[in-house]
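The first chain written gets the first letter, and so on, giving A, B, C and D; residue counts start at 1 in each chain.
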């Protein structure tokens, strides 16, 4: 178990440390970062306590700085590195009716240029992945030409992909709905897969666990995309209803367990795997830093449980048609309390046995509450 | 048909004329009102062109003014009147963990007091209905005590209800989810019904067409609540996925037709009916005033279609178990193009045959675009 | 924990031991009972191994016998007793367009008479509960008059309720859809609640965990109905999509845990509680008797976990708005491996530590496979 | 409009004329066919009255005969031809745990051989399409190895595809769930697309309108698959909840309109298009032959409405960001009553203006009710 846990690296999103909310209200909290440096400091704290969160994803323009080299050094000093670059083509007025899919070539070019700028940033930060989540879509039947939008999307993606360097990747995220309410231009894994298949080896799919229709069997998609060698990365979170962006594993820990089981089954934690695991969450009502710690622990613990599955016995039960035994083997792993073992994994590596408690006792929150006064708290808008 | 169309009165929400959006972005548009007076002026324009939107709902505190008497006069001068008062207990920091359900009595009292203030406003505006939509709920299992929250909710509602005057009503809206992501304190019609049943005759249920679980048969709920004499009002809008707040009838016109059929079946358009029909929508990407006009027309046209159902023949087909004929009778009404008849209804009343074109030709939008410069455009925040 | 586990009694449905399937195929298996006596023998085996399944629900007419007194004695000899009587008004051709809601009074009377016959059986079996699950509904808009059907339903239920004896109860089950595809006459808890509220104290709601719209928060309904003193019984099973009737806890064990937590919170396991827990499942592809054993164990284990919640600490965390701690307290209970403790509970009572293994080693299956040759295997049809 | 309506050919499924139902009950009706010849006679009646249903799909083994040449002649004499061959690997006991995906090579080979037998039938019937709908899947986590099943599926499909003749096609259907309740081996269009893309040009996707997750935007998938040149055929029906198999257009006529709009937009009705339109429905409670007539009419009428969309004006509105006008152009077509125009299309071709009435007046139903006495009525089992 430990060897594979050693391979577990969960990237933290810078924006999880900023304020977030619903369309109804964004609640602010003391200590919320005002700058990307403060976000990195918070993320580094999560890594210091868990040992499993070595990198921080940036969101452009929210995390734009003048000197990315300096930012990388700042991160390194704090024990983490800069990770995935996330583009944003949904907050300019120009993008009201689309970005990479827009009928107006000028707007498409602007959106393409934004991605090229992101690739330049990647070269400075040493990031491997450019993640594209498109908010493009329409709210009403007739508002857009579904087919034409796909054609323009394909063309825009091809242009961007030409600039993806040899050591870089483009990961294309899909989402069932929101902010578009009728038609989303990349609504499902099939669409993302069709696009990245046409582009080349360094184009992959990003699977956000909250971006599916109700009832979707997500672990199936994980298994399928790993089989097709097109699963690039995860955006982890959890949901009861829509894209709720709750703490990963909070809504349905058994689902997270099944997902991690398929990740392992498909080689996603094997040495050499280039599968990226990332959190993408909102801590609307709970404390942000411990919210991220809890999320990392949830992924770790469900991974540890998934690693306990007796796969030989499982195969035997499957091949004999013994449904109850096969299911029991899986459930036995899920029902085993791995928390002591994972705590031991941490203490063996000089990490606190209980990261949540260690954070509470660290005084870190009090410090930032006191220090981070004035300025504008970061949120999705900035 | 015409007599019942004459009974059709669709209240407009003041906030539909302000900006709205998703958690990702709120797009502003020229001409957006800065004040409640400007919202009323826009709403009055909708009524002037459709003849079916005689009142405007207010949202407190968004539409708070010093002199509600003056506001009522202003509305009257514009040919409309002030309608339902909508309370708001979801945008103060105090309400982060609940309002009428909060564990802290101080917060509950604040929320109760807000409703009492709304009732005072109702007395000044002559409004009949206090509408309570609660954003209360929790995001994580364990965050709140489901049972305790219900008990506190019942107590709070009872306190408010004591202040509801003899000519007034309290309507309690339910919502499946959002902004709460795990548990909403009034998630379904059953909960709303259980509460208002316990309160008294002047407490009723408000049905928002976008607030249900996927697949819910909404017309069944309409029929049931009318049967139980507890359907107080509608919040009309439409949705493909969640609470999308699209133009009513845009996503599934046949569903709107079925809803209106049950409204008629249950006496909701009969003389003396106290059922209130209201829009509650967001025009995130489309023009707001014509968006409201279109919505009023959609309700009118689907009502007109529903009125065409040959109910005698339908009953005969139902009683004989002739499924196809019964269905065909309903579909025949739905497939009939009533637009000419509804246009004639308008011209007979001195209204424009085509309100959408009349608005486009009126120059109203250009005028407000030019006049409403400076200030802060209204949105959900204000 | 042990005291409340002692209160746990999970009724088994006779039909779970017969064949079942989908509309596409029913697979038969060796050893399937041909008679109600054989079903009872199988159910008794489950109780012998788990100590928590002391009664067997009957389905009329599937389990009709000439002498219910003799059947009760047979059950007693096997260590179990006869439980809930389930009516069936969905398999006669007369019921194609409804039973208790049918427009034809003759059909309604036939359906009412069937329930009166069930009540007579209850008197002979000593059963407390008459459970009514109605398949009534329509497949197409217009096929039936929603409102009229409700009125007839209310009248039919009132007639039946008049015959419910002082020590008896009527429990009315609701179901979102299936077999009706457009409108179900009792589709949600609100409808069931509205009807049973109008009838009297001995009319209650039956909650089948598989009978809800996607995403429905079931534990909320549990809490609400217990609060309203109208939760009569559970039909336990689990589902990923629709009314899948899988083994309870198999699809989402955390949900089952949350449900049992609310059952405990609401007094459902307290001494004197009249809440009935029952399984209602299909073992389409897995072995039936161990399928039932596994189900009983799942309920027991999730109950044991729910009993571990530190409710005092939870209340403190809730009242302080400490979302993460409140959630962690709940998750800590869920993540604890209670299987050793529940095994010990069993061994202390002279039961096998591992009922699944005990069954496998018992030779029971081999015996019935050999003995039950010829005749017609029981299924939903008989 | 008429030219494209001339291209409209809707294949009827032989099994729609047999009995069908839910897992709870299959209702029989007078006049139900006992043989494939009687099914063909009924289908021919639908074509005679509508002029748009020139072929009949067969289901093997339900429609197995000794002499397919003779069957083809029989069909031709009745004015129709034999169409798609549908395989069946879900009703043999061997397939309890899978067919093309089974772990046991013997079972896989049996399932492959069944498809090869179907291809042989295709050669005798002159059918172009082999349609594969797989019921394969699992009910419980752990029951099967998701990845291994995909690999075996790919291998089995490749073997079958090798036998697909130059003028033939293989269409692979996907389905969200049912009969499998946890994991379906071909659950979504992405999976079907990934498989058929790997096979070759004559492998395509079959889209059944009832086989999606709740809320799925089906017209998007239509547009996408036409764009990818991989949409082979439709199975038309409608649903409110799951795979309800109701009359196409009955649940959401506007959705059917949008689907047909994308079919037209993507060239699916253009000369030379090889897109196949087929019904796949169950008439559980309504009369079967008029149920099929109604279905054909629904497709025709929604196609006619979709053909009315002013696509030039639509494009202009889309490009100018005029959401309301773009939507209005689409809705204007949908709201237009095309029934007179479609009736005229029929009368111009010597067909009855009102096929439903023509059927009622034909006496056909009385004739078959009288003639088809004795024997075993066809249903899904035979």
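Assorted remarks:
The criterion applied here is as follows: a residue touches a chain if its C-beta (ideal position, glycine included) is under 8 Å from a C-beta of that chain, and two chains touch if they have at least 3 such contacts.
These figures come from a predicted structure and were not determined experimentally.
The set of chains touching chain A and also touching chain D is given as B, C. Common neighbours of chain B and chain D under the contact rule above are A, C.
In this structure, the chain pairs A-C and A-B differ in their number of contacting C-beta pairs, and the larger number is found at A-B. Chain centres here are Cα averages; for chain A and chain C they lie 40 Å apart. Note: centroid distance chain A to chain B, computed from Cα atoms, is 37 Å. Residue numbers of chain A whose C-beta contacts span two or more other chains: 96-97, 139-141, 143, 176-177, 182, 214-215, 217, 240-241, 250, 254, 285-286, 323, 327-328, 331. Only residues 96-97, 103-104, 139-147, 150-151, 176-177, 182-184, 187-191, 193-194, 197, 212-217, 219-221, 223-224, 226-228, 254, 258, 262, 265-266, 314-315, 317-319, 321, 323, 326-331 of chain C touch chain B when the two sit together in their complex. Chain D meets chain C in the complex at residues 20-25, 27-28, 90-91, 93, 96-97, 135, 139-141, 143, 176-179, 181-182, 214, 239-242, 244, 246-247, 250-251, 284-286, 380. Those residues of chain D that touch chain B in the shared complex are 214-215, 217, 240-241, 250, 252-255, 285-287, 290-291, 294, 301, 323-324, 327-328, 331, 334-337, 339, 356.
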